[in-house]
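These are the structures, in structure tokens.
Next come two complexes, and both contain chain A; in the first it sits with chain B, in the second with chain C.
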Partner chain A sequence: MSTGKSKKKLLNAYHVVFLAQSVMIGTGILSLPQQLSSLGYSQALMPLIFGVIASVTLYPMIWINSKFPNDNLFRINEILLGKWLGKCINLFFVIQFLVFIAGIISNYMHLIQSTALQEQTITGPVFCFLLLLIYIVSGGIKSIARFCIMTFFLTIGFLYFTHWAFEKGDMSHFLPLFNFFSVNDFYEALKRGYLSVLGYELVMFYFPYIVDQKKAFRHSLIGIWISILLCFITTAISVMYYSEWQLEYVEFSVLNLFKAGEFSFIERIDIFGITLWVFLILSTVAAYLWCAKKGVETLVSKKSNVYLYILVAIIFFVVKMPSSREFQDKLFTSANYVGYMLILWPVLLMMVYVLRKKKQVQV
Partner chain B sequence: MEEREQQVIDQIKDKVQEIDDVVIKEMVTDVGDATIIYFSSLIEKMTLQSMVFIPLANHVNQIFQVSEALELDDVDLILQKLDAGQTLLFFHKTAQLRVIDTYSAPTRSITNTETESTVIGPQDAFTESLETNISLVKRRIQNPMLKNETRTVGTETNIKISILYIDNIVNKENLDTLRERINQIQFPFFTDISELKQLIEDNPLSPFPQHYMSVRPDSVSQYLIDGRIVIFMDNSQAAIVCPTSFFEMFVSVEDYYNRWTTASLLRMLRFFGFFLTIMITPMYISALTFHPEVLPYELLLNLQESRSKVPFPPLIEVLFIELIIEVLREAGSRMPAKVGQTIGIVGGIVIGTAAVEAGLLSNILIVLVATSALLSFLPPIFLLSNTSRFIRYIFILSAGLFGLYGLMLAFAWLFAHLLRLNSLGTPYMSPVVPRNASDLFDSIIRFPTKYLKTKKGISRAQKK
Partner chain C sequence: MSRKLLYVTLCIQLFVLAACTEKEIKVPLEDVGMVGIIAFDYIDKDSMKLTVAIPQYSPEAQRSTQTFSVTTELVSNGIVEIEKLSDKKIVFNQLRVVLFNEEFARQGNIRKVLQHLYRNAEVGNKVLIAIVKEKGEEMLKYNYPDKPNINFYLNDLLQPSINTAFNPNTNIHDFMYTISNPVFDPTIPFIDKNSDKIEIKGIAVFKGNQMIELITPNEALIIQAIQGKKNLAPLDINMEQGHGKEKLLIDLVENDVHIESNKNMHSPKLTIALTIKGTLSEYKGARENDLFTIESLADLEKDVNKELEQDIKKFLDKLNEWQVDPSGLSEYFRMYHRGKWTTEKKREIISKVAIDVQVKTSIISTGTLK
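So, the complex of A and B:
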């Protein structure tokens, strides 16, 4: 029996920190060393550069949101760009989110299939995953945030399993620090690797629910840098443990890091790792799905849980669509690149906002 | 005698016609004739003598001092008083109706608790009498701020409940929410307070108990001091404490009587035991069905050897033995104590050795199942132990479907569910998601007693 009152402001400082943190860590980090492999051993410091970029791009997001403290990005689009243009852009974002989510799930499920469930198709696992996803998302952003906190503390233990790789690795791989030749390599690494730190941009959608909006920037920043630190540890240990050739060709090198150690009672810790990873995937995908649902609600100006079911059905279809793996890969990769657009989007909105303000002043 | 009074008496007589324990007496007193009506089964003869008949015969004024006047208009109310064990006195000369509370139902004396027994600490437990229970708490908290609100629930039975709280500590918002929920209840009857608990919980569909229940006065008083609200019900032994967190289901009041080191060890055992008991057998299934590669070669050999004669797949094997354990447990708790021992021996021997020798089960599984059955009894709250029994089947089935991935999915469901639960509007999972940093002093590790002064975050107590 529930007779509690519903409040608009839901997210406290911990929630904001861990929402930013957990949403960033998804499948990306598993293949991060490979994505950055164009830089060879010099990739170790790359996550720190990502961190700087993320911090810089976070600022316009918070800025534009603080001008509209009670509206999410979908509403802001409609306000600043006009109803029709705004709605078109919002629809585009929702579609991008859906494809992005489908990409993450499909990626993860194929990983599960190749390591843990070799004799099954992915239909059943995907279906159960989506059911659980509906359950988490229907609890609202606060339930997602709590789930993020839990996820962090449950999965942080995996750092311990990398210590064998650290012991067996070679420190000298770090030097020289910036040992790459062309800007192209750097650009390539940035393009493919930055994907692993995506996720903090969702702050633009849950910003209206934050209690202490003035400190939202600081709290998100803490979350971002926790994730960046984890990415840095990953790449650093990978650089120490692997050869350059391995970095380039071992697809999920992080899982192999876990295999470096041995227990007398258990082998293949990577299977535990990859199955427990479902927490990280769930927290990431749940936040994106919640945003997509908010987007649909803004589009049709009506609140209902039915949209959630429709969205999940679409995701299921996209993951299971009868097309070649190549086409799917292409689709998901392009959705990732569109994701970069979302990071730069608030800069455009900032300009529109300033221009409009000026116009108003002149009138 | 007024006509109206006679009418009322006739009405009452009409209503109590088939109630054989009703007593209607006419008496002559100093202030004229009087009619006395009461239920003899609810009142002891001694009480009646000393409170009604002796004063009536000797000092009628005394009656007027201890009794309460009642209007004649509301016959239903008069009948309700009669049902509650009060004695009605009609004085014909003055046309007055007086009632005296003579209710003296038989109660049992205070005894030890059998369901929540401890080695150290006070041994008294609540009884089924509301008055006794409240007095047991008031004896421990001698503070005028301790309030008890009495109301009735049950639309057909009018059972008395009492809400206890300490006025200057309790969170008023919680109290209002609780009052509102109790007011909204439309339920014909209650035989135990656990029924009331299921009606006022935040999520009645959840397998988890969201309010603490205890029969120990010391434990209940401790929660009261922390700013929680306690509900008693007449005719039921346990008290509800709300709000409570998931973690507090693993706290026994004995933890505070033990040394902090021992207490911390035991708490860790209970807490991780809960997760182990639901994970052990599913792990077995997923390792044998889907991922034999996670086991080292020697262990796998060992396992396969013990399973070599077993004709079932691991899922069926596990379900089979888990169900047998359930049957044993259920049979054991329903049997009379003397027969129960036989069941234990038969069960132990039949399942322990014969089933393995017959090649129905592997010995390693027996060890695992026995361990998980023992672990499931660790939580001090029996309701949580029952929850773990149910949840385990979800885990077993999902492990049977998708192996470790299914297990982790079920695990994620468990956490998502726990994180969504509220107890009276406050998160059930605190202090895992802490509200106050000081909550961590009294969580899995119980800090030395001097650190335990602060109120818990979950009770949202008033700041002094």
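So, the complex of A and C:
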């Protein structure tokens, strides 16, 4: 369909694994134990359930993409749903991505402000962050993938810093298993917590760039389960270390896990954690921004780097919006819930695809 | 060309815009007063006396610690008041110890104060807590002639060490954990000024948010042993098991605890099996000259077991009478209980639980002298 096919194939197996993995880990995991707190101690196993859901929902994504090996989801929308409906949906997705990105950045900056830089406004840090973001995204999906790999190996060392909390924690908190009482609690935890594992759906956008598309499912799955494992470790250690009250009220519980220990030469490891976390945020946001840019390019059927700057300007505006925090919060949470729609979207496309196929056969 | 133009205009804008920001006022390190200890004394239901101790690094000052006291209703309000008195900016990044006086612990709202500190991102979670008998202010302002600085002295005293292993070393996280966890009641070390020294007198046991009793180090050691803490303090045993009054000290090498409940909420039963391995470091009593053979040591071990079982049982019964659970014994029922666990359930369980204690001591050596 498009020209220069060989030039387009950029992502090898490692890129695919770590793109799926790093995009999933963003700010969500920092407050995951809190998001799941409606389940109390029983939340420990929740990430594993998320993993199963993620694996199941990954399948339709790869399936629909494998039918159009050279097109991303934006193009597929236009092909399957017609030009105008497709464009409307695409515009909706782009807006959702932008608000989602703004939500992540604002969330992280809020964290920075309340812990590391208490006496400053966040305009400066946001500006620097966005500059860096432009730099990464303008390198294309391959540079993002490489950044993701670097991020993983730079930040995986944090696991070590949780061992104090593990030693101090109490294994008996895991019992009794599945000790929650209403479907409502479960649904609440699912709704608020699943956000932390969002990110793997972007495979629908970079799929055309994957070299070995037949194995894309397996590689993405590996990435997903690495992240799920990290989420599981997080919730398990939090459950051991905290009381149920603390799980519910401590806002960034992962950072408090880092606070549990100290070295003789450094006391506040959580501050290191916060500042290094910027890598994880960058890798997540960069991938989303790249997708948004692709979306705009499909919308106007023209390729240019200018869109990137425009998008970043919009994000900056949304983050620094002069509206109340309450409105912002509502906006960001609704963007998150719309994000869930994107997970189920391919199922709909699958149905459309099958219906059209049938029609074609009949004709 | 257009790109160049873009960059140039951007740069110009940046430079021009820079004038719009206010210059940030950063406090240099010399002007920061890093609070090492903060003490709260009870005045009445609404107000408290807040005292802070700040290390003084200026060589011209006579004393090595700066202290400020104010009367206040809110913690943060008190800090603002102290800033008015102080020549430095008060920060909590180096806070090490929080003191409450006994009256505050018995009548005030400790949880509220500590929750305020727990929320504060400047304060680490490893800040130690202690209860002071008389007044925290007095303790901080007193001149300890042979100690360099109250900040270091108190912090070092409260740090874990083998001979004060009965000390739970409660820090802010521990306190928040135990008070918000419905299977625990908090414990906090209790200190008192003893002429020119400060001494850890015992452990204050809380019932919910209020201190109710002071227990001795020996009793507190039992709590630590039940919680499965390794490296316990030397066991000091006074016993009377048919050989007259005997006194002995066992240095612990290894200890292990195994607790099992009958999982029954209506007639709760707990079995605590404690295994102790240690060196008999000193003995005083009637058997002093017979303790050379393995048989006589085995006899002694049996007597020690009996004595310890009695002591532990007596102490746990006392706790059950007060309906407090500092060692978290009700966790062994919560583990098997479906549904929400509440503080009331803990009180109920703890007041009617039947505890069976089994101690197994083995004396693995008596030193190299026969």
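The criterion applied here is as follows: the second predicted complex is superposed on the first by the 357 of 363 C-alpha atoms of A that agree within 3 Å, B and C clash if a C-alpha of one lies under 4 Å from a C-alpha of the other, contacts with A are read in each partner's own complex, and residues count from 1 in each chain.
FYI, a contact is a pair of C-beta atoms (placed from the backbone, for glycine too) under 8 Å apart; a residue touches a chain by one contact, two chains touch by 3 or more.
This structure is a prediction, so every number in the text was calculated from the model and none was measured.
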item: Touching partner for A:Asp212 - first (chain B), second (chain C), both, neither; value: neither
item: Touching partner for A:Ser143 - first (chain B), second (chain C), both, neither; value: first
item: Partner chain(s) touched by A:Glu267 [first = chain B, second = chain C, both, neither]; value: both
item: Partner chain(s) touched by A:Gln120 [first = chain B, second = chain C, both, neither]; value: both
item: Which of chain B and chain C A:Thr275 touches, first, second, both or neither; value: first
item: Touched partner set for A:Asp329, first chain B, second chain C, both or neither; value: neither
item: Which superposed partner A:Asn256 touches (first chain B, second chain C, both, neither); value: second
item: Between chain B and chain C, more extensive residue contact with chain A; value: B
item: Common ground on chain A, meaning residues reached by chain C in one complex and by chain B in the other; value: 120, 267-268
item: Contact footprint of chain A on chain B as seen in their complex; value: 177, 180-181, 184, 199-204, 290-291, 293-296, 299, 398, 401-409, 412-413, 415-417, 419-420, 422, 425, 427, 429, 432-433
item: Chain B-touching residues of chain A, taken from the complex the two chains share; value: 1-4, 14, 112, 116-117, 120, 124-125, 128-129, 132, 135-136, 139, 143, 146-147, 149-150, 153-154, 263-268, 271-272, 275-276, 278-279, 282
item: Sites on chain A touched by chain C in the complex; value: 40, 114-115, 118-120, 170, 172, 175-176, 179, 181, 241-246, 256, 259-260, 262, 267-268
item: Partner chain A, residues of chain C touching it in the complex; value: 24, 26, 121-122, 124-126, 173, 176-178, 180-182, 184, 331-332, 335-340
